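Have a look at these structures, which come just after this line.
You will see two complexes here that share subunit A, one where it goes with subunit B and one where it goes with subunit C.
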Partner chain A sequence: MNESEAHSLLAIADDELILGWRDSEWTGIAPLLEEDVAFSSIAQNEIGHARALYELLARERGITADELAFDRSPEEYRCSRLVELRLLDWEKTVARQYLYEQADAKRLEQLMQSDDPELAGLAAKIDREEAYHRMHAQMWFERLKDEPRFTAALEELRPLLDADRDEHSPELSELWDEMTMVRRSQPAGTAW
Partner chain B sequence: MVTTEQVWEALAEIPDPEIPVISLVDLGVIRDVGIANGSVRVEFTPTFLGCPALEVMRDAMAERIRALGAEPDIVVRTDDSWSTDRITPQGREKLRESGFAPPAPRETSAPTLVQLQSNAFRCPYCGSTDTRLENIFGPTPCRSLRYCSNCRQPFEQFKTI
Partner chain C sequence: MIYEVFRQERKGQPFQHAGSVEAPDHAFADVYAREQYGRRGESQALWVVPREAIIEIDEFVDELNRNYHRVDGYSLKDKLRRARERVGSALVARDS
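Moving on to the complex of A and B:
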């Protein structure tokens, strides 16, 4: 894996970890039971992808995936501003999902072409799973595409996709505190 | 000294933690078993990367191998070489008998929403294809929810990976 690949991999892993946490915030309170199940499942998948990517990166650095995922300060995360926001607003959540999955598909396609067979193989596996997230996003897009609140949410959130990844919203720090608190709550000597 | 056959037999007794009607061997997730210097190396692929049963499966395999008097070396493979096509014919039949529709064959490109919404999926209870998609997601990442309009029975459809 070359340096530019490692750099982009960390950004993807951070995106998937943070979006996974945000998606999980719908567990138990989504407007439809089906969506409660869907967002919980998507969250689980995203965090699974983050773990696999962190493991690949952590091995090269001689640290663990958990250390790489959680032992950095919030400013050091490389995630997109889009995934940081705590959006407990249905149309915005669906808009984010749609924007994110489209962008994610493009970069996965690139990673699948990597000369590093391990990286290309992992990207291909992730893409097989993401195909179901894309279908879910597409289904909601078709349903809401003529709703002004939804189209406004798309326009509002779209610029955050390409915003500078070194700049973060205060909401990322809040989430980081929450993640750290959850992590420290693990009793010594137990496995998750 | 333990043989690869003994290891395969021992692993065939481990049920999938989330769908216990099928063993890890029937699920096709065990990719390779190798023996060297008293240590047994098992390579396996999770169905989904975020599968919470990953650690449970790893521990169960290690325990069975230790019971055979060998040191386990369990390696997780995270590439795209496993697909639901690797579920054995017996495994597919066990799934169907238990009310899980086995996965459709993998195609070169990923399945589409139009395909999932079509009525090409067969109800594991009555065999009708008059079924509809209820939810792409289900109780675990590897399953979708469908409803059979013929026998009016909801059922779980194994996703194609």
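Moving on to the complex of A and C:
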């Protein structure tokens, strides 16, 4: 794996972890029960993808996936502003999902072409699951595409995809506080 | 709308009722059925059917008790058992 691959891999891993967390906030409160099951499962997949990517990266650095995922400060995360937002409106959540899946498909496509067979293989494996996420996003897109609130949400969120990944919203710090609370409450070196 | 989901575990096997999903239209039913019954490799294929499309029959009139119309009207079990006993005893007689 080369430097630039490692760099973009970390961005993907962070995106998937943070988006997985945000999606999981819908567990129990999604608009339909079936959607609750489907969206929670998507959330879990994203965190699973993050774990696989962190493991690959952590091995190269000689640390654990958990250390890489949770022991950095919020400023060091490379996730997109899009995934950080706490979006309690369903149409915004769907708009984010749609935008994210489109962008994610493009970069997975690139990773699958990597010269590193392990990386290409992992990307292909992730992509097979993402296919379900894209199908889910497409289904919601078709249903909401003529709703002004949905199209407005798409327009509002689209620029965040290309925003600088070194700048983060305050919502990331809040999320990081919650996400790492239990881990930070233990002395360093605690064996889980 | 309720959709009934039938799944085929392996190619060539009959579809069996797996459960149901609630969805506003066919597209949602498709995605939810895949999610719940298909995407962990547990199914070879799914049938997703709106519940209204299913003709349910649960009353059967058989006033004259014409059970000879049914395949189970001719129970072969006893006949077969008797036939086996006959052959068995014939073999014993032959070998002795």
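The criterion applied here is as follows: the second predicted complex is superposed on the first by the 181 of 192 C-alpha atoms of A that agree within 3 Å, B and C clash if a C-alpha of one lies under 4 Å from a C-alpha of the other, contacts with A are read in each partner's own complex, and residues count from 1 in each chain.
One rule holds in what follows: a contact is a pair of C-beta atoms (placed from the backbone, for glycine too) under 8 Å apart; a residue touches a chain by one contact, two chains touch by 3 or more.
Keep in mind that what you see is a predicted model, and the values were worked out from it rather than measured.
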Point to revise | Joint occupancy of subunit A by subunit B and subunit C, clash or fit | key: clash
Check your understanding: Does the superposition put A:22 against subunit B (first), subunit C (second), both, or neither?
Key -> neither
Practice item. Classify the contacts of A:96 with the two partner chains as first (subunit B alone), second (subunit C alone), both, or neither. Key: neither
Study note, to complete from the structure: Chosen between subunit B and subunit C, the partner touching more subunit A residues is B
Review point. Between subunit B (first) and subunit C (second), which does A:37 come into contact with in this model arrangement: first, second, both, or neither?
Key: both
Check your understanding: Where does A:118 make contact in the superposed view: on subunit B (first), on subunit C (second), on both, or on neither?
Key -> first
**Study point:** Which of subunit B and subunit C A:132 touches, first, second, both or neither
**Key:** both
Practice item. Kindly classify A:49 by the partners it touches after superposition: subunit B alone (first), subunit C alone (second), both, or neither? Key: first
Check your understanding: With the two structures fitted on A, what stretch of subunit B runs into subunit C, 7-15, 43-51 or 151-159?
Key -> 151-159
Practice item. Once the two structures are superposed, pull the subunit A residues common to the subunit B and subunit C interfaces. Key: 34, 37-38, 41, 132, 135-136, 139
Practice item. Name, in rising order, each residue of subunit A that touches subunit B in their complex. Key: 34, 37-38, 40-42, 44-49, 51-52, 117-118, 121-122, 124-129, 131-132, 135-136, 138-139, 191
Check your understanding: Touching subunit A in the complex: which residues of subunit B?
Key -> 48-52, 55, 78-81, 83, 110-113, 116, 134-141, 145, 159, 161
Point to revise | List of subunit C residues in touch with subunit A within their complex | key: 21-25, 27-28, 30-32, 34-36, 39
Review point. Subunit C touches which residues of subunit A in the complex?
Key: 32-35, 37-38, 41, 132, 135-136, 139, 142-143
